[in-house]
Every structure is written in C-alpha cells, then in structure tokens.
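If you scroll down you'll find the structure; I have some questions about it.
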Amino acid sequence: MSEMPTLPSRRLEISYNIPISRTKKFWDGLREGKIYGTKCRRCGKLYFPPVADCGECYSSEMDWVELSGEGEIVTFTHIIVRPTSFQDQQPYTVAIAQLKEGVKALAWLKDVKRKDIKVGMKVKLVPRVSEDGRVTYEFRPAEKREY
Amino acid sequence: MSEMPTLPSRRLEISYNIPISRTKKFWDGLREGKIYGTKCRRCGKLYFPPVADCGECYSSEMDWVELSGEGEIVTFTHIIVRPTSFQDQQPYTVAIAQLKEGVKALAWLKDVKRKDIKVGMKVKLVPRVSEDGRVTYEFRPAEKREY
Amino acid sequence: MRKVAIVGVGHSKFGERQDVNVRELAFESVKTALEEAGLTPRDIPYVSVGSIGVWYEEPLPAVAIAEYCGLTGSSLIRVEAACATGSAAVYSAYTAVASGYFDTALVIGVEKMREVDTFTAVELMGRAGSYLWEFENFGLTFPGYYALYATAYMNRFGASEEDLALVAVKNHRYGAMNPLAHIQREITVEDVLSSYVVAWPLKLYDCCPITDGSAAVVLASEEKVKELKVDTPVWIAGIGSSSGTGTLSYRSDFIGLDAAVKASRIAYKIAGVEPRDIDVAEVHDCFTIAELMAYEDLGFCGRGEGFKMIREGQTEVGGKIPVNIDGGLKAKGHPIGATGVSMMVELTKQLREEVKPSSRQAPMKNYVALAHNVGGTGHYCYVTILRR
Amino acid sequence: MRKVAIVGVGHSKFGERQDVNVRELAFESVKTALEEAGLTPRDIPYVSVGSIGVWYEEPLPAVAIAEYCGLTGSSLIRVEAACATGSAAVYSAYTAVASGYFDTALVIGVEKMREVDTFTAVELMGRAGSYLWEFENFGLTFPGYYALYATAYMNRFGASEEDLALVAVKNHRYGAMNPLAHIQREITVEDVLSSYVVAWPLKLYDCCPITDGSAAVVLASEEKVKELKVDTPVWIAGIGSSSGTGTLSYRSDFIGLDAAVKASRIAYKIAGVEPRDIDVAEVHDCFTIAELMAYEDLGFCGRGEGFKMIREGQTEVGGKIPVNIDGGLKAKGHPIGATGVSMMVELTKQLREEVKPSSRQAPMKNYVALAHNVGGTGHYCYVTILRR
C-alpha cells in the first residue's frame, strides 16, 4: 500500500446463505458419492452445473441424471496467486473437462503431478468432502500411468 | 434467517485505506481542536465538509477557513437499530445544524438528554477523539440550560 | 424519437425468498413477461438488469441471470441508481428502443437481500449515502436518513406521528389484497405507534421490510407493437430523472426532495400531462414520511399539505389520486433493484384494468399513471408516466 | 436516430493514486473534458458513470462524483458491464443523446482499486465470474480464467509463451511513451518469461496491473456540435455489444470470445466498415492472451493467426493495424470502470492526430478507429467504432 496519508475505514464482513432448495439433490448426491446433472423433460437439454429451470425452452420440469464423471481435459491452469479466502490452500490446478455425456465441468484436478497434465488427458469427476467440511467435487486421473 | 437449505459462502472481509492527502489539514485540525472548512479562492464558495476542488467554478485553489462551530439544530434523529460496525455503541443521536458561517454540518449530538433536544436548539461543533482512537467531531449544547 | 410501449410484464412473489437463488428468482418474472409479449428469449436483442447486489453472492448478476434465462448473446447492461435502480433500468432500455437501436428490450429488476443478516443489510444500506462524512463516524442508517426528514417535516408543518402511521395503515390495507405482497396483513395506527423505534421518530411499521423479489417488463417500438398485435400496449409517455447531493448536509432543507420535484416536472412536460390528470400513482414509500413528501414533490398537493391528503383519504381508491394501491414498498416490499420495475408492472395492470380484486383497481378517467422511484434519500429520482 | 459526436475528452494520470479519493480522481478528467467542450457542469443534463466499486468506500459513486463536480440535479445513472463498464457507460449516454432525449451528455469512467490490499482485489475479481460454481469451491482468479484460454489456445494453435510475451513487450514500449500510463517502462521477452507465475501459463508481466484512474468524454448531438462550433468532432459510427455465459464450462471452446465476435460484427455493420478500414484500435489486453484472441475475434486476421500478427509486428505503428499504442491495459493500466472511456479518449486524440510523441500517432487513412472492451472473460463485450 501507499505511504500517502489515509484513513482506515470500518471493516465490512459479509457472508451469504446461498439458497440451494431447488438443486438440493445435487448437493445431497455428492454426499452419496454421485454427480448429478439435470435434464429438461421437455426439450432434452442436459445441464451441468445443474439448473432448476431450462433457459432453452423455459420448462421447469427437470429430471436428475447421474453422470459417469468420465471425461477429457479441455484446458487447465495452475493458480499460484490466490484470493484472500484461499490463502490457506496450496496452489491448485483448475481444469475444464468434456464429460462423455456431452457437458463440460470445471473443478480442481488432484492426484497428478503438474508436469503430467496434458490437454486430452482422461479424468474422472468425483465427489469429495474437503478438510474444512465443504461438499465439493474434483477431477482425478482416470488411470495412473506414465506419459 | 430462513430455514430453507442454504450453502454458507466464503466470508468476505474488506476495509479501505481512504486517501485524505488533499484534505489532510482538516483531520490534523481536529487533533489541534479546530474545525476547518474550505473556501474557494476564485468564487468564494464555502464548503463543509471540506473539498479540494470547487464544484461551482472548477478552481482547485482553496483556502482553509476555521469555523466557529456555532450553530442551530435543523433536524435530528435517534438511531436505535444500528449497523453491524456500530453494534458496540449505545444508540446515538445524529443532528444536522446550520452553522453561523452559512454551511450545515452533520454529526452526533452528545451531552444532552433526548427529551431536551429541539429543532432550533443552539449547539457547538467540536473535535473529539473517540474511545477507539478515531478523530472525529460532535455537537454539544451551546450552553447548559433548561427548556 | 420512436414511441415505446410495455408489451409484457412479470412479477415474482415478494418476500423472504430463501427458496430460490437470484437467477431462479429473476426467471420467475422473465418467464411471465416473455409469455405475455409472445416472445422467446431469442427474440430479445437488449437486456438491462437493475440490481444493487452485495447482499447476494453473484457480483455479475446480469450475466448470471442472462445465462439462466437463455439470454446469453444479447446486448447486456446492468444499471444502478440506488433504490431507483429499477426505473433506471427501464430508462436505459427505453432510450435504447426509442433511439432506433433495438425494436424490443427486456428489463429485469431483481434483488436478493435476505442472504445476509439484518444488521449487515442495515450496514450496507447505511454506507450508501456519503460514506466518509456520514457513515464512517456517525453510523447513519437508511431509516436514520429519512428520520432526519421526518423530524424536520413534522416540526415545520405540524404533522404528527399518527399522520405518518396513516400511510402505513393505508398501504398495508392494499397489501393485504395483493397476493404478491411481502406482508399481506392489515395494521392499525396503534400497531404502528407501539412498534419499536428504529430511528426516531420512525418506528418499525414506518419502514419497508427487507425483501427479495423480481419484476420484468418487455418494451417494444411502435412498429413492433403492431407486428406483435398487442391488445393493450401501455405507452411510456415520458420519463424525467434528476439527482440530489450525496452529502445530506449540503441540502438546502429537509422537507422535500429536490430531485423528485425536478424529475416530475420533466416527466410531466414530456408527457404533456399535469398532476390532476393522473389516475393512479406508485410512489416511493420506503418510509411513511417519504410518501407524504412524494405527494408534495409531485404536485399532488401544496408543500406541507401531504399529511392532510392522507388524513382525508384522498390517496385511496375513490379519492383524488389513488397511491400505492398494491401495498407500496411498505407492505409489498422493497427488493431494491426490482422496485421500479415492479411499479411498471403494477401500473401496466392498472391501465389494462385487470387488477383483482376490483377493490384494488383504480378507476380510469384519462388512462394515465405515474411511477415515482427515489434512489437513496433523494440521491436519485426517476419519474415515469405511462399511458394506455 | 441522431448522429452523436465526442466533443471533449479528459484523462487522469493512471497509477497507484492514493493521493486522491474517488471524487477527486474523477474531477481531474471531468474538468478537462468540459473545458475541451467549452461547457460548464450546468450545461450537462445527463451523466452516466461507469464504475464497479467495492474496492473503495463509496457505494454510490455516481452520486458522490456528481456532487463533487457540481453536476447534482442532472439525470444520473451508473452502469456496470464488468471490465466493459466504461464502454457501457458511453453506450448509455450515446442512446440517451441519439434518441433525442438530451443534446449533450457526460460520461465518467473511474475506478479506485488500490484502497484494498492485493489479495482482496484478487478475491473481489475472482468472485466476479460464476460465484457458486467457480469461486466458492475452486477459487478461480481473474488471471486464472484467462489462463484457461491461454492453455487451450496455445495447445490448439502451437503459439508459445514467447508469443504472449511479445504482446507485453509491444504494449510496454508504447506505454513508456505515454505520460498518463501506469507503467512507463520498456520490458523484454526475457523479463516476461522470468517473472513469477500468477496462473500458469500466465506470468506477472502477462497481466495488467491493479490501477487507479479516471477518464471522461462529453457527447453532443449533431445540432449541438454545430452550435458549439467544435473543430474536430469525432463521431460515434456504431456500437455493438453482446454477452457470454457466466459459467465458463458452458462455453463451447476456449480459443476466442463469442461475445467479441458478435459485438464486432454488429458494430462493423452499423458503421458500414470492415476490419481493413480500421486505422487504429484499442483492444482489451487485460492479459496478453486476450490481445491475441482480440485480433482474431475482431477479424484483423483468421482464427489461430493472432500470434503471427504479433510476431510480424503488424499491430505496431507502421504495421497493418496499430493496436494499443497508448500502452493498452497492460502498461497504461486497467482501472476497470475507466478503461472503456479511456479507450475513447485515446482514439479521439488519435483521430484528431494530436498524439505526442509522433511515434505514438497512428497514420490515418480512413480516419476510422475501433475500441474493443471486454467485460470479465467474455461475459460482456462492447465494440465501438469512431470516425472523424
């Protein structure tokens, strides 16, 4: 910060209670080891992340569809400079993969050395409970192998 | 809060270093027991709170003018329901007074019973250092008296 | 300048809506508005979103909502004018269509305020004045800002706390008839006077609740109105807007809002109408005092006469100018970015004479309606005049 | 639709500006813009302010700035389109004047990002994607979003980290000639490659700095331009805008921005020009990869050929289309709400052929210039074409 004279403001602290009623099955699914997407009953569009309403045909009748989680990396990055709320984490790798059901997913890629990660690499999206109790999901290599 | 299922977000914490270079004399003045306004050297307009540029004639040549602080209450309120960052304060009275130099000021009104506060009451604006070290200013009754 | 009409409206249930996130909440209104207009999201080239945010998790609400509603690819903008944000979003879409740039536009107003606790909401609203000179050391709150006006107004004109309470009683009476209102319950003057003090002289029932909600309107040019064969287009006859100082102590007095006076005079002039021509009005009653000042700022009565209008029932159905007969911000709720758009939805329905129950339908003589939407404490004001 | 011209421009020094607050910073640009136009604040009926806020203390910046600049009473609006906010503010004022509602308008773009620490700024920017699906669990950052594009682009087309570095080297070279730029220092490819990794493959010198700054432009209708006897009005020939999904994984690929392609095609069509007609362009180089994709999205070259343009020096002065010859976001800085307005200021000066030193003045053939302003990672895009 600058050495110009400043007045420190009052600290603002905010956290949100994000409503998940309409996609609760997704979060429950993670705890049961499942990755769900939603599929529009009217037009058939598949969504991941899941949605409760279809932006394509405006139907709100969606079916929950379990995804295989199997896919291929489309792109990735290693995030070194991290936001305040991720300062306690080690640098992490974020990847986007094309899942075999036709949708893409974005998540951390774990259990693989940085130098071994390539576009096109086969991965599997799996549920995970983080050290601090957050229910989330991550990619892992589909199989251990050498490049 | 609701009992609907929610996901608690990451906490956001923000505080600002507010630049005061161009009005530093005001804040220094408070520590010296003085209340300063600024007066445009070109068009003569007097400002309180002070400004570094004149919105009237667009000159940036301003003189610092010490104000008497003497004024009359124009309006006031007692704030009972307080923001998070004022939760440690007792309810407070905010008043706006017309100062005799022709500008108005807004500040807390202290040292007077609520029932004794009236529009038209004579007050004096004085510098103050708060318990937690903030340099600020407040109104006090111009003289102790009965209504 | 092309004529522009409202050709479809949508409105969510207002209230504590922790059953939906901000995208899902917006979808509820967008769906109905598009259906009414007979359009699909792919027919919409321009979308303006009015939302303040900060009390919900998405910092780019326009993008998140456009994605959710299948509107990605449209020309997209988010606007802010404090509590007049909804009207500013309408205005932005209005000039986009009036200029000839687009033939249709969708306006979405939405706010999700109940994802933070009450004191955080009070903090976030309180900061939205002149932070350094009013909040940092003096902890002003939104009720506090209006309380400063209430004290000055009552002192100057001899209005009483009971007069303020009458505004709340009227608006709750109509809110009780509006199934979309946050609070659908009648109250008495005694209820208001005995409710706890929030910022003296304003008590709990002088204040609007903290509300989640969304509203949407579809605008179309005159040619498009013909093409769509819209039965009862509601025309935007004129919009006036103006602003006030951020710092309250820079204001000349505390008995009315200069921005509202100026905005309304511009709107009247453009629309070619006078206050007496208005059949029904929505005014910005975030606090009871605000509605009384609005009567005066809008020229419904002379300065200092607003509290007489409420005493005499002149702003009820059957009175001189029915005001806030949907419950107003006071009972319907004030999801900030949605409020101005919600006013357009209500007035469109009033002008179409389709409000149910009929005790909540204003009688139409001139088919002219007015929306008065204030941002902050007169920091902004937008006045919109509609005509069938 | 009326013709609209830029008749006055102002621009603050960009940089870490903890010597001024947001009001004082805006004043610097507004003063020059009004002086150039020969107008006073009382002549301005409409003000649009582009600013994201959250990193400075005032939640109602438009109100605070209007007050400080003596503009209180004007029709006032704040707009947001993420990092394209400045262009959206221009667009809002443009339609307000083009529609016939106002004869003049003032656009103010301003951001004060250095009042919070760097990691808080990273957090605030990172949240501005799809909060729930990208930030909450995965901590995406703004460099991270663009890094996902860089990886895909390099993998697909065989571009190298050196190619990205060449963008930074070019823009720093011009930034070093621009006294208003945040970073006025030339760098080498080696400097870029050896700087620390922020979000692989992007390194520190692939990223724009965190910058404070303001810019302002005055718009006027054709009649007003005549009345003001403006010597060299710069006309807004066309504005196109579009949007992309908030959630990155909903995108079809990561080698270009759909919103930029669509926005530019709209702008070209309205202006009646083609990419080869552009004499000088400002493109949104928040990261080096973004400039390469911009060449392609704007049709300056084919898909996958952007890195060849930079290798061949085709976007320098003397090349096919000089790009970001004021230093770009990369060296001039990227005070978010100011950036789009700053692009208009620079292009206006280029079209007036008054840029000093002359090594930073693009040669004019058609007197046509283009500004490409992206919000987020293609969440928004505004493309504005100016013509003298």
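Chains: A, B, C and D, in written order; residue numbering restarts at 1 for each.
Here is the rule we use: contacts are C-beta pairs under 8 Å (C-beta built on N, C-alpha and C of every residue); 3 or more make two chains touch, one makes a residue touch a chain.
This is a predicted model, so every value here is computed, not measured.
Without chain D, the contact network of the other chains remains one piece.
Measuring from the averaged C-alpha position of chain A to that of chain D gives a distance of 31 Å. With each centre defined as the average position of its C-alpha atoms, the distance from chain A to chain C rounds to 38 Å.
Among all residues of chain C, those that touch two or more other chains are 18-19, 21, 54, 57, 67, 71, 115, 120, 123-124, 127, 131-132, 135-136, 247, 250. Shown for chain B are the residues that touch two or more other chains, namely 1-2, 4, 6-7, 9-10, 12-21, 84-85. Taken as a contact graph, the chains are fully connected, with every chain touching every other chain. Chain A makes touch with chain D in their complex at residues 1-2, 4, 6, 9, 18, 48-49, 74-87, 89, 92, 94, 96, 103-108, 119, 130, 134, 136-137.
Interface residues of chain C, counted against chain D in their complex, comprise 1, 21, 47, 54, 57-60, 62-64, 66-67, 71-82, 88, 91-92, 95-96, 98-101, 124, 127-132, 136, 240-247, 250, 258-259, 262, 375-376, 379-380. For chain A in complex with chain B, the residues that touch the partner chain are 1-2, 4-21, 24, 27, 84-85.
Residue ranges on chain C touching chain B, taken from their complex, read 16, 18-19, 57, 114-115, 117, 119-120, 122-123, 126-127, 132-141, 143-144, 147-152, 155, 196-202, 247-251, 253-254. Taken together, the chain D residues at the contact with chain B in this complex read 17-21, 23-24, 27, 31, 34, 40-41, 54-57, 67-71, 115-116, 120, 123-124, 127, 131-132, 135-136.
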